[in-house]
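Presented sequentially are two complexes of chain A, the first with chain B as partner and the second with chain C.
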Partner chain A sequence: MPDTDVDTFADFIATQVLDPWKGPKKVPAEEYYTSGHRTCQGCESAQLMKLMAKAGGPRSIVLGATGCMYVANTTYYSTPWAIPWMHTQLGSAGSAATGTAAGLKAMMRKGKMKKEPINIIAVCGDGGGADMGLSAISAALQHTQYNLLILLYDNESYANTDIQVSGSSPWGANSTFSPPGKVKRIMNRRWKKNTAAMLASGHPECRYVATVCTAYPVDAMNSVRKALSIGGPTFVHSLDPCPKGWDYDPMYSHELGELAVETGIWPLYEVEEGKLKMCGKSKRIVSGQFKRKPVREYLRRQGRFAHFTDEDIEYFQSKIDDMWEKWLIPGVIPFAAP
Partner chain B sequence: MTPPDLAVAEKIDGPSGETEELISGSEAIAHACRLADVDVITAYPIRPYDTVMQYVSQMISNGDFDCEFIVAESEHSQFEIVKHASVVGARVFCGSSGVGWFYAFEALAVTAGLRVPMVAMVGNRALDDPGAFGVEHNDALAVRDLGWMLNWVSTAQEALDTALIAYRVAEDPRVSLPCAISCDGAFLTHSQTLVKVPAQETVDSFLPPYDRAEKQLHPDNPITIAPQVNEDWLMEMRRQNDMAMRRARGVIIEAYEDFNAKFGRSGEPFIERYMMDDAEIALVGMGTLAMPVRVAVRKMREQGKKVGFVRVRWFRPFPTIELQDVLGRVHAVGVIDRDYSFGSAFHSGVLATEVRSALYPMENPPKIISFIAGLGGREVNADNVIEMADMAFDAAGGGDINDQDTHWIGVRE
Partner chain C sequence: MSTGSVEVIYRGIFQKTLAKNICRGIVLAARREGKIGIAFGRYGDSPERNGIPAKQFAVVSDNSEELEEHLAKYEPDNNDVTIVVDDALCKGVESWAWYGLQPINKLLADGGTLVVTSTQSANKLIKTVHCKGAPYNLAIVKSPASFSGLWVYKDDHTDVRLLGALTKVAPQIVSLESMLEAIKEQWKDDLKVASAKKAYNAVESTPVGADQGNDEVPFSFDLPGWTKMEEGLVIRGMDAKPQDVPGRDGGYVPTRNETFKKFSTRTMRPVINFDTCTKCTLCWLNCPDTCFDITPDGFYDANMEACCGCGVCEAVCPVNECVTMVNEEAFENHDSQWEMWGKDKEGYLAWLSEKITHLPARSHGFHHVGQYAEEIADDPA
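So, the complex of A and B:
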């Protein structure tokens, strides 16, 4: 880009240097998401909040869009946040991050505030991120002059309002807005949005987009750290097993996260400076070193799929097979190769 | 008798460094943003307010104004972005018109609920559907119950002055509420008049820097803002908003006194009284309606009819005391609404409903006749005003004018 924009270059405020942690023993003990919340037992989104706050550290500001991580986390007088936190509206994660970044940047440039890199993280659920807030997130990813991270915690339903389908819910999942009935077995006929790849491919100036899963906590934290230090607006999408919404015993949260990856339902990858890198088991799926487990193993563990017939499971499996065998970039970008 | 027209108000020497420029209401607001050293501005196009942002963006690209300028992807985002910028300590500005203002409605509600002291400009425009570019006041009036301070201006000069006053009042820790300045679409946003643009030093002496103090969101001050409070605390917080709006009245009076002294202006804050000293009936309205009304009042005065005009400048906080004072002395009041409130008491507009409510506790309240006129930017001319004034005179004289219903003026039936 020609150097004509005084604002972007002369007043550039660097990001914090957040090197990756090499293994769980290198992760510091300090917590910034602490006691005081009332999330469900086995809530992987709460786990993600804890990992995210740890990864960002004390010089961070967190903006939380309406959703589980707002309502269950911040009852007045008992906040779990040891770093500054502010609520934002359901569709506003992108705007909240942009506004916070713009405010700090203007104040620092004009000498109204001490210059320092401050991490800005806006978190939203799949309702806030993949549905209502999609346009604001898209806009945030275009404003490359601001350093910010949008973290989507995807528990695949509007879980805070009694489990209703979102654009990020799996095909056929039982929810209070898609209950199987006497005549219609499959009420949710939408296939889950491919949100991370959509945002990565639609915003080529965005320097970092990644998918993570809290079943792999160090990788998830390192993704957050890379997203915060690389500069510009970034996006991380996490799949968070949800005992209440998915209907399983809370003790299996970690296992279901692993199964989502091992069945190929949740591909792990990062797009850094325009270069795609498959991560973890997903990388080994692509290279043929790891054979995908049947989706039946994942689906049959969850009550939300209890109404599935063998035919439904076969359909689900065929869609996942397509994703890895027919997509232009397996697991990431659809369209059949020419 | 010489009319005490604000346009020819007694000459007071302006402070040094002031320049006089031929500019529109929108450009006047843009100058106010520059003079207030606003830090973050968001824009999204909708006519007629968007002309403000055309001037702002040109000032920035010319290097005359330093602020973060973000073209948002919707009005909702526009208002959410500045809300969050304000919470970290930045002075912010934003605006909209008509359905654009409504698209941002959720953000407008939380901005007031959070007591974010932003200043916004509404270029008043009729709501869709069916579409019209012209002025109606229903857009801005929709936030009247939420904790937004609201005012209507009638000239470009008043727009500039009021924007500076709005920042001082909104950011005052005794108030900490958002403020919207309503400018009639086209009639004010797009009409050029001579405007005194003050010098930076004068503005700096009047408007202190924005300081959120212990409410600033920053790693040095790791607070949690806007958690769920539920029935345990919500009512106390609503009460705090109520008290803030009550305190705003005194802070507005203080601000105008200081503003008038430093900028060499005159005029009382809440209402404009036009030929009201010996008036027997009064017309009441807001915004640029003042122009044809003043012409009609002068015409009627020439015929010996003692009519006056009260222009409501601040709608929130509502000038109950001033209106009781000035309207308590006349026999009949004709309230001209450039808005509607379908199904309301007497099928009146919003202003008439509020005026009736304000005057009800008085011992001998005047008769109140309500009118709806000039919707969608339709011209209200002097003849329309005389028609309304004559009806008010009729009511004052015990005539059989219906004060239990609302009269639509200039409408094809």
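So, the complex of A and C:
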């Protein structure tokens, strides 16, 4: 047996034990992210911050990479956070999380602070996480001696700077960088990055990777709680409908999240200790109990797809069909079976 | 030597393109008269957020020195005209933290004209707008607020109607003739030219006295100077303990950011029928602004100082006729609905039913492809 105890510098620190909440009525009243943030009406990323802070509880530290959830939550010398929060650079959610975990561990080892489990959560947007910060997140997920969570809030564009294309933007979506024109209608020709599955399959030592959606708040909170309890670095990827960049009436924020899952565009799953489990409606899609809704229902509700022709919608549908019918692991791993 | 400036106050993102069309239209028309000008957005509003009040300006001048002098200001004051493209903004605007509630006519020059798109009467609007302390004029362009989004523009001619009306109330900035030529050149659409002309003929100004209007003193803050700020850009967080509110023992009222209430973002507000409420928690759980206070008897009371009116609570409520979004123009205060209900249940129900008649709710952005074309076709105007 080789020496697997690589963590020779520090004592093992157990995580907090955060049991899942069984249903919305069991969710406690305490808020650690309150009102007075300068987000859009119907901002699902703000909703995710609220859920995450609730799920983590008072002994949590949040590190926020640049993005909406940095700028809007620290407007002019004020904040809605009731737990410590620190800004970090756009691409460095992973490094900030590892550094904070290492720092706390060292302080506790040296007796400079009480030895106790503290949740470390680094939040980043799809630009900060799936594009710029991907390498730092990858590094963080390899350092298995630190307990931390990287929470990626994905609103499918650089929304803070007024909607530029990111690697997570869907095919064909209108954005500042991909405005449809008369000659070329589809300007973003990249397919959305499969970030969570990439990180799960690329970091087999990482004990928990999950996708969530704010339309299912209790499930999202329980994923965060499991990620914080299980130990080691973990990753949760949330799809957050964005009324500004997706261009829809803010009252549909919740409904569009549900539609993303029900059309099969956003699969919900978790990879726990190397075992894949499909969740919620996505599980029922795979088992055949739930028939995927046509993507048209989702696309035509959003101004960012208003230029789509029937042909474009059919193409989009065919890519989603492939994802559930041809992928090696439906909704998760895209290779064809050998 | 003369300079004219126009302020356009609008809802972030929802009316960004509309405001841009207005400011750009003014400058392009003025250029036809040999003037120079610039249209620009206020720096602090960027990045804009859905619904949060924002401003754009158009400044035109016959000489570059005066134009530059205007541009050296953070936001031009003493504007000849303030255009308000959503009448709900007449209650005042709060664009970011520490900003306080700015009266809609604050940056309007004495004797200037406030142009508002509204279906309300001048008398009703004057009562809403804060008292200026100096006389000014109010002109109404009869129209509901025109909302769209970042990508799909609702071209219902609100932009050119306001441009036409502007040349009536402030001919010194630009003449109707130049404006019509600029509109024709810009949009190449005779219908838009006709709309502008029609609005020019229809708009009328009402003089507003120095002491007329809402006498509420809008809340404001003393800004912390650099000597009061802490090292390392530290901002004190919210208290994790809930607020201690009399009569709310056993409930939960979260601490709230005192320097940014954000309610001027709201164009609709939820009214709640506590008699039909099943306490299912969904409005509270799904509110992105954490605006619901939990009451001692387990209800969820939307706090009107924190609610920004997105409408998610109505969308997720599983009960028919429990949460209903109502046009903000129907309300004059931010009082707790749960407290009203507690004092007089029948009276509350009557109040609630009366408020709900202020439907249909306002158009709040994009619903589906083709919707704006349908709405414009349905509009008798």
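Rule of thumb we're sticking to: the second predicted complex is superposed on the first by the 327 of 338 C-alpha atoms of A that agree within 3 Å, B and C clash if a C-alpha of one lies under 4 Å from a C-alpha of the other, contacts with A are read in each partner's own complex, and residues count from 1 in each chain.
Quick note on the criterion: contacts are C-beta pairs under 8 Å (C-beta built on N, C-alpha and C of every residue); 3 or more make two chains touch, one makes a residue touch a chain.
Since we're looking at a predicted model, the values are computed, not measured.
Undergrad: Is A:42 contacted by the first partner chain B, the second partner chain C, both or neither?
TA: After superposition on chain A, A:42 lies in contact with chain C alone.
Undergrad: With both complexes superposed on chain A, which partner does A:301 reach: first (chain B), second (chain C), both or neither?
TA: It touches chain C, and chain B stays clear.
Undergrad: Output check: A:321 vs chain B and chain C. Expected answer is one of first, second, both, neither. What do you get?
TA: neither
Undergrad: In the superposed arrangement, which partner chain does A:85 touch: chain B (first), chain C (second), both, or neither?
TA: In the superposition, A:85 touches chain B and chain C alike.
Undergrad: Taking the superposition as given, does A:248 touch the first partner, chain B, the second, chain C, both, or neither?
TA: Only chain C; A:248 stays clear of chain B.
Undergrad: Looking at the overlay, what does A:205 touch: chain B (first), chain C (second), both, or neither?
TA: So A:205 meets neither chain B nor chain C here.
Undergrad: Taking the superposition on A as described, I'd like to know which of chain B and chain C A:74 touches: first, second, both or neither.
TA: Both partners, chain B and chain C.
Undergrad: With both structures fitted on chain A, tell me whether chain B or chain C touches more of chain A's residues.
TA: It is C that touches the greater number of chain A residues.
Undergrad: For A:143, select first, second, both or neither according to whether it touches chain B, chain C, the two together, or no partner.
TA: first
Undergrad: Kindly classify A:25 by the partners it touches after superposition: chain B alone (first), chain C alone (second), both, or neither?
TA: After superposing on A, A:25 lies in contact with chain C but is clear of chain B.
Undergrad: Once the complexes are superposed, what residues of chain A are shared between the chain B interface and the chain C interface?
TA: Chain A residues touching both partners: 58, 71, 74-76, 79, 81-85.
Undergrad: What part of chain A is in contact with chain C in the complex they form?
TA: The touching residues are 24-25, 27, 29-44, 46-47, 50, 58, 68, 71-72, 74-85, 160-163, 174, 217-218, 243-245, 247-255, 300-306, 308.
Undergrad: Using the touch rule from the top, collect the residues of chain A that touch chain B in their complex.
TA: 7, 58-61, 63, 70-71, 74-76, 79, 81-89, 91-92, 94-100, 102-107, 109-110, 112-113, 118, 135-136, 138-139, 143
Undergrad: Quick one: which bits of chain B touch chain A in the complex? Just the residue numbers, please.
TA: Of all residues in chain B, those touching chain A are 37, 39-40, 66-68, 70, 72-74, 76-77, 80-90, 92, 106-107, 110, 209, 217-219, 221-230, 232-233.
Undergrad: Tell me, which parts of chain C touch chain A in their complex?
TA: Chain C residues touching chain A: 12-13, 46-52, 96-99, 148-152, 224, 229, 235, 237-240, 242, 252, 254-262, 265, 280-282, 285-291, 294, 303, 305-306, 308-312, 314-316, 325, 364-369.
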